[in-house]
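Read the structure below first, then the notes.
Order of writing sets the labels: A, B, C, D, E and F. Residues in every chain begin at 1.
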Amino acid sequence: MNAERKEPTYLFTDRQVADKSEIARRFLETRNRLNENVDKADNFLVKRFYNIDHNTYLEGAIPATYKEWMGLVVSAGLRCDDCINYHVIQSCRLGATRPEREEALNVALVVGGSIVIPHLRRADEPLTELYS
Amino acid sequence: MNAERKEPTYLFTDRQVADKSEIARRFLETRNRLNENVDKADNFLVKRFYNIDHNTYLEGAIPATYKEWMGLVVSAGLRCDDCINYHVIQSCRLGATRPEREEALNVALVVGGSIVIPHLRRADEPLTELYS
Amino acid sequence: MNAERKEPTYLFTDRQVADKSEIARRFLETRNRLNENVDKADNFLVKRFYNIDHNTYLEGAIPATYKEWMGLVVSAGLRCDDCINYHVIQSCRLGATRPEREEALNVALVVGGSIVIPHLRRADEPLTELYS
Amino acid sequence: MNAERKEPTYLFTDRQVADKSEIARRFLETRNRLNENVDKADNFLVKRFYNIDHNTYLEGAIPATYKEWMGLVVSAGLRCDDCINYHVIQSCRLGATRPEREEALNVALVVGGSIVIPHLRRADEPLTELYS
Amino acid sequence: MNAERKEPTYLFTDRQVADKSEIARRFLETRNRLNENVDKADNFLVKRFYNIDHNTYLEGAIPATYKEWMGLVVSAGLRCDDCINYHVIQSCRLGATRPEREEALNVALVVGGSIVIPHLRRADEPLTELYS
Amino acid sequence: MNAERKEPTYLFTDRQVADKSEIARRFLETRNRLNENVDKADNFLVKRFYNIDHNTYLEGAIPATYKEWMGLVVSAGLRCDDCINYHVIQSCRLGATRPEREEALNVALVVGGSIVIPHLRRADEPLTELYS
């Protein structure tokens, strides 16, 4: 399965992101460790779900970067810090720019309301580390 | 305020969309009627909020079409049929394509899970009318 | 149990509200019919829950009217049309004013974001019938 | 794919359920029609998702009936009427009893709060048709 | 009230669970300490609510174990880590098995989507401690 | 803009609140630091949103204290700890009483269900520090 696993064209590796942001580094470390657990558990439906999840964000009619922004906006709207962190890292790896980031977060703020603000505040830290 | 109200560059007018889709027509009719109520109520904070909402989706670092897709995905994730209809119409007016639509809805489905399916089903009707 | 059931001091009866608003009338009719089903089902935990629910909104350190507004705001934030209708009717019965209504809905809009707008639009109809 | 599609051991067919409940009949009719659209659209990721969804509720370490109750409780907690209807029908087809139904809905009510009540009220209609 | 408080038939005590899992131990410690506050506050409606909550999960037409799984699934769907931890501990005390656990979490994942994944990841730690 | 920024009539300053509650102190410290970032980012739409947010809770037809309780109840219903902390501090600064606090949290508990309990537990700590 992994042999044919497609990836978007990243401008930066996970490691490069981790070198720029301590928060990203810790997030990726935890995520990788836990994904090993998923591999070990070897639950067929979970692995299938992970596969769909991965393929949803590949380059297509909509460029991969914008798909990551979509993922970020819906994650913020649904108020999931871990999901926000993940899409922040992914969009950064794909070369997203700071003005794009601001406009994406504005969509999340307006759709989701003030309840989203604490999540945007927390997202600000890795975003500042990655986009400066 | 309205004098300087910016708009994205639409390929189609509201009326053209309404001519293609009965669901869109009814949705827009209701929306326009109710917005008149909002104008009459003249509530300062509500009008300000509407203004921010409008400006969030303007052409910018992220193209207006992708912002509409973002709006669609977060609306589906938060499961709001009216919001979905609105962004379906807007993305259509901006010239969005059928493959883009499929990929955007896939993001919503994977992030939001099976709970999102009934909303995607209902969205299918105006989408089919508008994209065929 | 019903013998000692306390009620807030209403300025208007259900019937008076139903006479002013067709939407309220239909809502109350359905609600009463379904509550008969609940009575018949005689589920102990459900009846207990209904009791807590009823007593939560009684006059207390916080006046009953403001508790209804709280109920309205959280219902709008959680986007439940039926719950909104219920608290609209209750606040009207307790003599709530139009400016209070506008300010309560502003809290819901700002906290919940644009995703709340379709619910506020739908709430506008019974509100207009009841407050004019 | 369909050739090897497993099913739980139903006591009743869709048609038998539809014969007992008009609401169930209409729900199933719409659902089948829309699933034809999904088949036509032939979106690979959506079909994969539908597959995982189907397989999640099969007989296993947890009996299929209880999985349907789980689906019902989480659907009520997330307040999705269509999902509730679906799991009501499925649990009925698997021979679920009326006391089970009451206890499952109690979990949903206590976890989700009064905001869930309007959904339980609406669920009451097909439930009464199917369990009497 | 506590004199007549019914309990399901547990296979393990809180203490036995706490001995197997450090996360469970800390969770239970905090929970007990805070419940003392609730007792002290002596708020009639809160105590009533806690009582309904307790009785909802008792052995009945649906076995207590499956009710705990239902609680787990809806807690995951609504994305509440503390609630997940609580039902993980309870299902363990009632003798739930590892395959049951996997199937219950699959329901939560499919219904709730990828937004649920970070919560399942965090649940993995006490689950691994308790089920190995 | 700040020159004409209106404020409700507080009985206590932020500092007085911070002196009574360590949790409040840390919360306010973080909030102030992050608001500086918002000021620096100078995003027009975000600043507009913050302004609407601020003005929504001013003294009006509904007294500022009750607006803060409304904010608290909807924050608890939507399960946002940071938002709860903010409204706890604000209502304290406006002179809210302990019985009011209990009644407001009861609304949140009944509307939102047991899923709200962990948030109320966490809110208990700053509340106890501030209201004793």
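Please note the rule applied: a residue touches a chain if its C-beta (ideal position, glycine included) is under 8 Å from a C-beta of that chain, and two chains touch if they have at least 3 such contacts.
Bear in mind that the values here come from a model prediction, so they are computed numbers and not experimental data.
Enquirer: Going by the stated contact rule, which chains contact chain A and chain F alike?
Expert: Correct list: B, C, D, E.
Enquirer: Using the touch definition from the top, list the chains contacting both chain D and chain F.
Expert: Looking at chain F and chain D together, the chains touching each of them are A, B, C, E.
Enquirer: For the copies chain C and chain F, give the interface type as same if over half of its residue numbers appear on both sides, and as different if under half do.
Expert: Same: when the shared numbers are divided by all numbers used, the fraction is over half.
Enquirer: Which chain's C-alpha centroid is most distant from that of chain B?
Expert: Chain E.
Enquirer: Taking contacts as defined above, which has more of them, C-D or D-E?
Expert: If we tally the C-beta pairs in contact for C-D and D-E, the bigger total goes to D-E.
Enquirer: As a quick test, compute the distance in whole Å between the mean CA positions of chain B and chain F.
Expert: 33
Enquirer: Give me the residue numbers in chain F that touch at least two other chains, ranges are fine.
Expert: 45, 49, 52-53, 56, 75, 77-78, 83, 102, 106, 109-112, 114-115, in rising order.
Enquirer: Spell out the residues on chain E that touch chain F in their complex, using ranges where they run on.
Expert: 31, 34, 37, 41, 43, 45-46, 49, 53, 75, 78, 80-83
Enquirer: Report the residues of chain C in contact with chain A in the complex, numbered from low to high.
Expert: So the residues of chain C in touch with chain A come to 77, 109-116.
Enquirer: Hey, which residues of chain D end up touching chain E in the complex?
Expert: That would be residues 52-53, 56-57, 60-62, 66-67, 69-71, 73-78, 83, 97, 99-100, 102-104, 106-108, 110-112 of chain D.
Enquirer: Quick one: which bits of chain A touch chain D in the complex? Just the residue numbers, please.
Expert: Its residues touching chain D are 45, 48-49, 51-52, 55-56.
Enquirer: Mind pulling up the chain E residues that touch chain A in the complex?
Expert: 79, 102, 105-106, 109-110, 114-115, 117-118, 121, 124, 128
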